[in-house]
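Quick heads-up: structures coming right below.
In what comes next, chain A is part of two complexes: it sits with chain B in the first one and with chain C in the second one.
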Partner chain A sequence: MDKKVGVYICSGCGIGDAIDVEQLAKVATSEGSVPVCKNHPYLCGTEGAETIRQDIAREGVNTVVIAACSRRAKTEAFSYDPAQVVVDRVNLREHVAWCQPPKEEDTQMMAEDYLRMSLAKAAKMEPPEPYQDEINKGILVVGGGITGLTAAMEAAAAGYDVVLVEKEAELGGYLKKVFKTLPKRPPYLEMEDSNIGALAQEVEGNPKIKVFKGAQVESTAGAPGMFDVTIQSNGSSETVRVGAIVEAAGFQRYDASKLGHLGYGSANVVTHLEVEEMAKAGKIVRPSDNGPPRSVAFIQCAGSRDPDHLPYCSAVCCMTSLKQAKYIREADSEAKVYIIYKDIRTPGQNENYYKQVQQDEGIFLTKGEVASVQEDGDKGLRIEVDNSLLGEKIEIKADLVVLATGMVPATAIGEEIEVKSEEDDKKKSEDEPEPPTDRIIKSNVLNLTYRQGPELPGLKYGFPDSHYVCFPYESRRTGIYPAGCVRQPMDGMMAADDAAGAALKAIQCVEMASRGEAVHPRAGDITYPDLFLQRCTQCKRCTEECPFGAYDEDEKGTPLPNPTRCRRCGICMGSCPERIISFKDFSVDIVGSMVKAIEVPEEDEEKPRVVCFICENDAYPALDLAGINHLQYSPYVRFIPLRCLGDINLVWIADSLSKGIDGIFLIGCKYGDDYQCHFMKGSELANYRMGKIQETLDRLVLESERIRVHQLAINEYDQIPSLLGEFLEKIEEVGPNPYKGW
Partner chain B sequence: MGDETITAAEKECILVVGGGISGMTTALEAAEVGKEVILLEKAPYLGGRVARLYQYFPKLCPPTCGLEINFRRIKDNPRIHVLVLSEVEAVSGEPGAYEVTIRRNPRYVNEKCTACGDCAEACSLMIPNEFNFDMDQRKAAYLPFPMAFPMRYVLDPQILGTDDAEKCKAACKYDAIDLEMQAETLTAKVGAIVVATGWRPYDAKKLDTLGFGRIPNVITNVMMERLASAEGPTDGKILRPSDKKPVESVIFAQCAGSRDENHLAYCSGICCLASMKEALFVLEKNPDAKIKIFYIDIRAMGKLEDFYNRLKDDERVEFVKGKVAKVEEDAATQDPVVEAEDTLSGEKIRAQADMVVLATGMEPSTATERLPMDVAYDEFGFVVSDGSQKGIYAAGCAKRPVDVASSLQDATGAALKAIQCLRR
Partner chain C sequence: MTQPYRIEPDLDFVRDVIRSGGDTLKKCFQCATCSVVCPLSPADEPFPRKEMIQAQWGLKDKLVKDPDIWLCHNCNDCSTYCPRGAKPGDVLNALRKKAIEHYATPKAIARRVGDPKYLPQLIAVPAILIAVIIALTNLWWHGDGPTRVVHGETIVLDQAIRSWEMIPMWAVDVLFLLTALFSVTVFAKGLLKFWKDLEAQRTRKIGILPAAVDVVKQIATHSNFKECGTNQERYLGHMGVFYGFVALFITTSCIFAGVYFVNLVVHVPLTPWPLWNPVKLLGNLGAIALLAGLFLVIRNRLNQEGDDTASSYYDWFLLGIVATVGTTGLLAEWVRWLGIGFLYYILYYIHLVAVWSLFAYTPFSKLAHIVYRTTALVHNRACGRELLTKAPAVALTETQGGEST
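And then the complex of A and B:
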C-alpha cells in the first residue's frame, strides 16, 4: 500500500497542559516528514473526528496516527474501514499527561518518543486481508448420551448439519440405564422419566443429523471449517468433513473393584448403577438371595473426595442417593435407609428435594466416615462409622450396601503422555527454566493428527475443561468444545444446558472461520501469521510452543500452518529465531522499528531509558488505570504493548541493548497453576525465553539485572509506580549501558 | 459498540435484559455468531455484580480481567447495541416477533463526555456510595468504577437543582453535561428475549438475630469484597467498620438466610466457596489472622474440592460444623460474639472475633421485580426456563443460584436458544 500518513494530535483532557503540542507536531512534520499533521483541542468531538474522515475521503490519507487518549477509549469516534485505513493510537492522555508532571522536559521527551514509535509502526503496518478458504459448517458430536444428543438437536434446530458418533450400539448413554431422573421443574420434588429414548429417536429421525452407532473416531485431521474425520463403524471406515466438534464423550463410573475397603466384592455391596438397573427392571433386591432389602446403607463419596481415588467431588452422588433412597422407601414403606455422608451437597433448588427426604422417617442421614464394611454372617453387612456427629464410633447393620461411586471423564482414561519439546533433551545449564509442557491423555476419543498430540490437553484429573472462570468454553484446541461430564461432573439437566453452550461455540467457530475471523479472545481479528518459509531452519519452536497446536509439521520439520486453528496471539512470532513469522499489522520488524525509534540520550544527560514490553490485555489497561488515578511514575520508561507477552522475540532484547537502552522490563499475566494469561502459556514462555538470554548478555558483556520479568494482574495498577521505581533504581546502580551512542 | 441511541433493528435481533457477566456473555456469544443484539442494563455501567468482586474463586483472579476482554469484544463488534440506564417497560407479540418498549433513564451526561473527570473535580456534593454498599461516599458526579464501560461519567439525580450541578456543567469543556436530559421511551422489534437479570444479596437486616445493621462489626460477604478491593472504601485494607482497626480474626457465618424456611429455603450454591475465598483475602492482607467458618455442609462441587482442601490444610482456618444462631456485641471491645451449636460435639459454643461476615445468599432480582413479559417463576422467584418455553429464555442466576462459570455456560446456551427462535 502506498502510504499517506496523517497525524492528529489532541490537546484536550489535560494533554495540552502537560506537553507542548506544537513542539510534538514537529516530530511528525520535521523528523517524520509526514504530509498531514493537525492539532485539535477536542479530537474525539464531532468536528475533530470529521476532520480525520475528510482527510481520508478527500486527501487520500490511509494511515492515521491518533495521538490522543488510550486506544481503549473513544473507539467509535476513531474507527475506519480496516480494509482501507490503518490506524495507530498514541496514548498521550493515560500514559503521559495523566501520569507525568506537566511541562517537564522529560514529559515532553516521553510524548515525542511515543509519537516516533507510532510513526515507525504505522509506516510498516498494512491493512489485513482475511484468510479465506472453503469452510464447512457441519458439526461433529462425539458421544450419544444426554449431552451429545442435546448438542446434536440444538445445532440442528439452529440449521446446521450434524454428524453424531456413538461408541455403543444404541444411543442414550448412562441415562438409558437410569430408572428415574432428578426433579427439573418446580417445586423440584418429583422424580421424572428421563425421556432419553424419545430424544434418541428424535435425533435418529432428524434429517439434518447423521448418526453412526457402534462407531469410533479413528482420526481427526484438519482444522476448524475443514476437519476430516474418519469414522469406523461396523468394520468399515468413512471420512466426513465437518467444521467444528463437540466432545461429549461422557464418563465412566469409578471402578468399584478398587473400593474393597468399602466392602465391594461382597455379594450385597452394589453401586448406584446396579440400583438403577434393578429399579428399572422392576425390583431392587439383595443379590445374594434376590430377597427384598429391609435395610439399605448408602456410602457417599465412595472413591470421591479421596486423595487415593478421585480427589474431586463427583457432584451428583448426593442427589442420586437421595433419589434411590426414595426408590427403596416407595417400594417398601417398612424398609430403612441409612445415608452415610461427609457433607450433603444439594445446591440451589435441589435443597427442596433434600428437605423432603429428611422428612421421611425411614431415612437416616448420618455424617461420618466409613471405617470398614464387614460381612456379618447371614444377616448382612456391618458398617463401622467414625467421626459421627455424636463424636463416637457407631455401627450400622444393613442387608444391602450401595456405594455412591463417582464419575471419571472419558478423557481421563488412557495413557498419559507429556508433550515435550525436542530441546528438552539437549544439554542445557542447570538454572535454565523449563519450558511449559502439556499433558495429554490418549483417551481414544478424537485421535487428532495434530503435531502436539492426539487429544485435548487436560487440566487436572483429565478434564479438558476451561481454565477460565469467565470463559467456560475456552478449550486448548480451536473449534473443539468439550461438553457435559468430560468437562466436570454434572447431572443430566446441567449436561443438557452445557450441550447447548458447546453447540453454540461450535456454530460460532464455523461462522467466524467463514468470515476469516479469529475466535475468542481476539474475536474478530482478521490478521493471521504469514510465514516466509524460504528462511525457515526447521527449529520447530513455533510448532512446539503454539498453545493451541495450530502448526503441524512436514517430515523435515517445516511448519505447516492451519490459519483457522490460529488464535492470532503471536506466540509463534516470538518463538522464531529467524524472524520469519509476521502479521500484516504486527511483526518482529515492526516492534524492532519501534525500539529503534526511541531517542536514547547521551550518557552525560543522566536520563536512562527502559523499554517495557507489556501484555495488551491486562498490563496495558492496568497502566490506563494508573493514569486514570493520576499515579505518577518514572518518565524514563517506554511501553510497547504486545498481543501477549509470549510474543517477545529475543531479537528485540538485542535491538534494545545494542541501541543503548539501559534496561528491559517485561510485564505479563500471572502464570503457574492459576494462570491468568489469555493464551495459556504466553507469559510463562516469555519468562522461559528470558532465561535463555544470558548468552546474548554475555556476548555484549552486559549485566543480567538489566532484564526483568514481572507478573501483574489487571487490578494491581497501584503497584506500577513502585515496580518501575525499583527497577530504575537497580538500573542506576548497574550504570549506563555502554552501547549508548553507537 | 458503546452506549448509543437505539437504531431500529432492521435485521432479526435478540434482546438481552441485564448487562451483568451473564447478559454480556449471551450478547457477545450471539453477536459473534453474527446476530444483532440489544443489551439492556439498568445501571449506568455493564458488569453487574461481578464488577464489585475483588477476586473470583478458585483462581483468585480479578473479575476485571475478564470484563476487560468482554468490553473489548463489545467495542469491536458493531452488532451489539448497548443501552445502559434502561429497563423493559412492556413486551407484546410472540416468539420471533416481539415489540419491546424500553425506558431509558437520564444520565445527564451525553456522548461528548471524554471521561476527563473535570466535572467530578468541580463537584463537592457527596452521596452514599452504593457501589461500595454505602460504606463510604462518592461525588454526585462520578465514574462508576475506574474500568467502567461505557467509560462515561454519570450525574446522580440528587445533584439536580443544586449549585454543584451548575459547577459541573461549567467545568465541562466539552459540553457533555445536559441537566435537562429526560427519560426517553424507545421501541425495538426483537425475535427472542434472554432474561439475565441476575441476583442481589439477601437483605441481611431481615436476619434479626445476626445483628447486621445493629452491630457495626457484622458485615456481609459482598461488603467484604469491597473492603478487599483497592478501589473500595478502605483502599484494599480490611479494616473493621467501628474503629478502622485492621482485622486479626474473622468469623464467617454460612447459610445466613439460605437453607432457612423463614428466609431463602434453597441453598445459594456459592457462599461456601465465597467465604473460603474471602478468608484468603483476610490472610493475604494479614498472614497472622485467624479464621473460623461456621457451616452446615461445605458444598464444594467438582474440582472446587481442591480449594476446600487448600483451606482445610491451612492451620489458620478452622471449620466448625454448626449454624450460627445469634450474634451479640461485646460492649468493651465492640467485637461481635457468635453463638452456635457445634453439631459435631453437640455443645453450645461461643466465639468472638474482630469481625463477623454473614454469608448472605443470592436472591433472584425477579423475586420482587417481576418482568413485564410472559415468564413463569418458581416459588423463590427464579425464572423457570427448562427448555420447554419458546421465545423468552432465562440465563445464569435469574434461573438458579450458581457461580460465575456455571452462569456463563448457561448464558452461552441461552444464546443458541435465542438464535433458534430467530430462524422462524
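And then the complex of A and C:
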C-alpha cells in the first residue's frame, strides 16, 4: 500500500497547556516529512473529526495518526474503514499532559517521542484482510441433560442446525432421575415436577436438531466453523461438520465409597441419588429391611468443602437435602428429619425455599461437624455431632443417613496428562526455568485432535471454564463453550440459563468466524497471525505456548495454524525466536521500530530512558486511570502497549539495550490461580521468558536489574508513580547503559 | 470425654410451643442477633438464641427448667431486630407457659388454663361454686328474720347495701382461704422441683439471701423493665398493675386481720368501711393503679399486635381475669354508693368469681411468673451471671479510650 500519512494533533483537554503543539508538529513535518499535519483545539468534535474524514476522502490520506486522548476514548469519532485506513493513536492526554508538569522540557520530549514511535509504527502497519474460509454454522451440543437440551432448543430456535450427542440411551440426564425438582417459579416455595421428558420430546421432534443417543464423541478435529466431529453410536461412526460446540457433559456425584468416615458402606447410609430414585419409585425406605424411616439424618458437605475430597461447594446439595427432607415429611408427619450442615447455602431465590422448609416442625437443622456415624445394633445409626448450634456435642439416632455428596464435572474424571514436548526433559537438566504447562484430564468427552491435548484445560478443580467471573462460557479452546454443571456446580434452572448463554456464545462464534473476526476478548479483530514458514526452525515454541491450542503440528514440528481458533493475542509472536509470526498491524518489526524511534539523550544529559512494555488490557487502562487522577510519574518512561504481555519478544530487549535504553519494565496482569490475564498465560509466559533473558544480559555484561517484570491489577493504578520511581532509582544506582550512543 | 447429649426431639412440644404463640419459632436461623440486642441477656450462655434452637428441636427437658426464659422481660427488642421475622420474645413467652404447665400440678388444670377450649369450664367452676354457696347460705341464714349476726354483732337490716347480705363474709373467707392454700401448695410443689432443677444446672456463688435482697430491690424498682429501654409504656403499665396488687393485698390483709383478730381485742366496725379510712383509701388507690396499669399494658399489646409480637390466649386469659377483678371491684363500690342494690350484687358476684379464678388459677396461669421469675432471678443472681450489656459496655469504653490516645 502506498502510504499517505496524516497527523492530527489535538490541543484540547489540557494538551495545549502542557505541550507546545507547534513544536510537536515539527516532529511530523520536519523529521517525519509527513505530507498532512494539522492541529485542532477540539479534534473529536464534529468539525475536527470531519477534517480527518475529508482528508481521507479528498486528499487520499490512508494512514492516520491521531495525537489526542487515550485510544480507549472517543473510539467512534475516530473510526474508519479498517480495510482502507490504518489508524494509530498517540495518547497525549492521559499519558503525557495529565501526568506530567506542563511546559517542561521533559514533558515536551515525552510527547515528541510518542509521536515518533507512532510514526514509526504507522509506517509499517498494513490494513488487515480478514481470514475467510468456508464456515459451517452448525452447533454441536455434547450432553442431553437439561443444559444440553436447552442449548439445543435455543440454538435451533435462533435458526441454527444442531447436532446433539448423549451418551445414555435416553435424553434427560440427571433431572430424569429425580422425583421432584427444586422450585422454578416465583415465589420459589414449592417443589415441582420436572418437565425434562417434555423437553426431550421437543428436542427429538425438532427438525433442526439431530439427536445421537447412546453415543460418544470419538474425535473432534478442525477449528471453529469447521469442526469435524466423529460420533460413534450403536457401533457405527459418523462424521459431522459443525461450527461451534456447547460442552454440556454434566457431572457425576462424588464417589461416596471414599466417605467411610461418614458411615458409607452401612446398609442404611445412602446418597441423594438413591433417595431420589427411591422417591421416584414411590417410597423411601431403609435399605436394610425396607421399613419406613422414622428418623433421617442428612449430612451436608459430605466430602465437599473438604481439602481431602472436593475442596469446593457444589451449590445444590443444601437445596436437595431440604427438598428430600420434604419428601420424607410429606410421607410421614411423625418422621423426624435432621440436617447437619456446615452452612446452609441457597443461591439466588432459593432462600425462599429454605425458609419454607424450615417452617416444618419435624425438620431439625443445625450447623455442626459430624464426628462419627455408627451402627447401633438393630436400632439404626448413631451420629455424633461436634460444635453444634445446640452448644454441646450431641448424639442423634437415625434410621437412615443421607450423604449430600457434591458434584464432580464430567471433565474432571479421567487420567491427568501434562502437556509436554520432548525437549522439556532436556531443558530440565540445563536448569532453565520451565514454561508453564496445562493440566488436561483425559475425560473422553470431546477427544480433540489438538496438538495440546484431547480435552479442554480446566481451572484448578477440573472445571473447563477459562475464567468464571470475567468470561463465563469461555473455555481455553475457541469455539467450545462449556455450560451447566460441567462448568460450575448449579441447579437445573441455572443450568438452563447457562445453556442459553453458551448457545449464544456458540452462535456468536460461528458468525464472527464467517466474517473472519476474532471472538472474545479481541472481538471483531480481523487481523490474524501470518507465519513466514520458510524460516521456521520447528522449535515448537508457538505450538506449545499458545494458550488456546490454536496450532497443530505436522510430523516435523512445523506449526499448522488454525486462524479461527486464534484469539489474536500474539503470544506466539513473542515466543518465536525466528520472528516469523506477524500481524498486519502488529509485529516484532513494528514494535522494534517503535523502540528505535525513541530519542535517547546523551549520557551527560542525565536523562535516563526506560521502555515500559505494558499489557493493553489491564496496565494500559490503569495508566489511563493514573492520568485521569493526575498522578505524576517519571518523565523518562516510554510506554509501548502490547496485545498481551505474552507478546514480549526477546529481540525487543536486545533492540532497547543496544539503543542505549537504561531500563526495561514489563507490566502484565496477575497470574496464578486467580489470574487476571485476558489470555490466561500471557503474563506468566512473559515472566518465564524474562527468566531466560537474565542469562543473556549477564553475557552482555549488563546488569540484570535493568529488567523488571511486574504484575499490576487495573485497580492498582495508584501504585504506578511509586513503581516507576523505585525502578528509576534502581537504574540510576546501576548507572547509564554503556551502549548509549553506539 | 463428656458424653454427647442424646437428642430426642419432642414433636408435640414443638407443636405446642407453636400453638402457644411461638408460631414464628421455626423461622430462626441462628444468627444470634437477638442475643446481641437483648439488654437483659447474660454474658455467658446468653439467651434467647439457644432457646430458639432448643425449642425448634423440641428439647422440652432442657427448656422447661431453663432459668433464662424467666430473665426475659418481654421487651421484644429481639423480635424487632430479627432479620428473619422470628419473634424470640413470643417464643420465650410460649416457653414460659410450657414451663408453668410443666411445674404446676394437677396437669389437668394446667392444660385447661392454657387452652381456650376450656374457658367455659374454668368460668363455670367458680360461678357454680359461688352460686351454690350463696344459695345454701341464704337458705340457711335468711331464716333469721330482720336481724343478722355478723361476727357476733347483731345487725338490724336496713336499706344499706352490704356484701354480706348476699353471701356471709365467713363463707367468702373460708372459700378463699382454702383456695389460697391450694394455690400455695401447688406453687410450693412446683417451686421445689424448679429449684432442684436450677441447682443442677449452675453453681451458686453467693448466698440465696443477699441474692434475694438484690432481686427484691430489682423488682421494687422494676429496674429490669427499665433496661428494656424501647418500651417505657410497658414499664409503667406493669409497675401500675404490680403496685395496684400490692396495695390491694395490703388492704385485704388489713381488713382480714381487723375483722378476725383485732376485733377480738378492740371493736372494729363492720365493712364496708368509710372511704376516708386509710386502709380503704389505699385499696381504692390500688384499684385505680391496677386499672390504669392494665390500661397501659393492654393498649401497648394492641399497638404492638402483629408487629413485633402477637398476644396469645394465655396473655389475654390473665389480663381478662385481672381486668374483671379490677373493674367489677371498683364498679361495685360505685354502684353501692349510688344505691343500686340489684346491680351491686351482680357485680359483686362476678367480682367473687373473678377473684376466685385469680386465686385458684394463678399457679397455672401467666401470673405464676411471680413465683418462677422471682426464683429464677434469685438463682441467677446467686450464680453471678452478669448482663451482656454490662460486660461489653466496659470493653467498649476501653477500646474507645484506646483509640483516642
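Simple rule for what comes next: the second predicted complex is superposed on the first by the 725 of 742 C-alpha atoms of A that agree within 3 Å, B and C clash if a C-alpha of one lies under 4 Å from a C-alpha of the other, contacts with A are read in each partner's own complex, and residues count from 1 in each chain.
One rule holds in what follows: a residue touches a chain if its C-beta (ideal position, glycine included) is under 8 Å from a C-beta of that chain, and two chains touch if they have at least 3 such contacts.
These numbers come from a predicted model, not from an experiment.
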item: Joint occupancy of chain A by chain B and chain C, clash or fit; value: clash
item: Contacts of A:Ala713 with chain B and chain C, given as first, second, both or neither; value: first
item: Contacts of A:Asp308 with chain B and chain C, given as first, second, both or neither; value: neither
item: Partner chain in contact with A:Lys505 - chain B first, chain C second, else both or neither; value: first
item: Touched partner set for A:Tyr468, first chain B, second chain C, both or neither; value: first
item: Contacts of A:Asp360 with chain B and chain C, given as first, second, both or neither; value: second
item: Partner chain(s) touched by A:Gly348 [first = chain B, second = chain C, both, neither]; value: first
item: If touched residues of chain A are counted for chain B and for chain C, the larger one; value: B
item: Which superposed partner A:Leu389 touches (first chain B, second chain C, both, neither); value: both
item: Touching partner for A:Glu334 - first (chain B), second (chain C), both, neither; value: second
item: Superposition clash, chain C against chain B - the stretch among 7-15, 25-33, 313-321 or 349-357 that is involved; value: 25-33
item: Shared contact residues on chain A - chain B and chain C; value: 344, 355, 367, 389-391
item: Touching residues (chain side chain B, partner chain A) in the complex; value: 1-2, 4, 21, 28-29, 32-34, 54, 56, 58-73, 75-77, 112, 114-117, 143, 146-147, 151, 173-174, 229-230, 236, 259, 265-269, 297-306, 309, 321, 343-346, 378-380, 382, 384, 386-387, 400-406, 408-417, 419-420, 423
item: Residue numbers on chain A that touch chain B, as the complex places them; value: 12-14, 42, 44-45, 69, 72-76, 154, 157-159, 184-188, 305, 311-315, 343-352, 355, 367, 387, 389-391, 460-461, 463, 466-473, 488-490, 493-494, 496-501, 503-505, 507-508, 511-512, 515, 519-521, 523-524, 617-618, 621, 625, 628-629, 669-670, 674, 676, 678, 713-715, 717-718
item: Chain A partner contacts - residues on chain C that touch it in the complex; value: 2, 4-9, 11, 14-15, 18, 26-27, 29-30, 45, 50, 53-54, 56-59, 84
item: Residue ranges of chain A in contact with chain C within the complex; value: 334, 336, 338, 344, 355, 358-362, 364-367, 384-385, 389-397
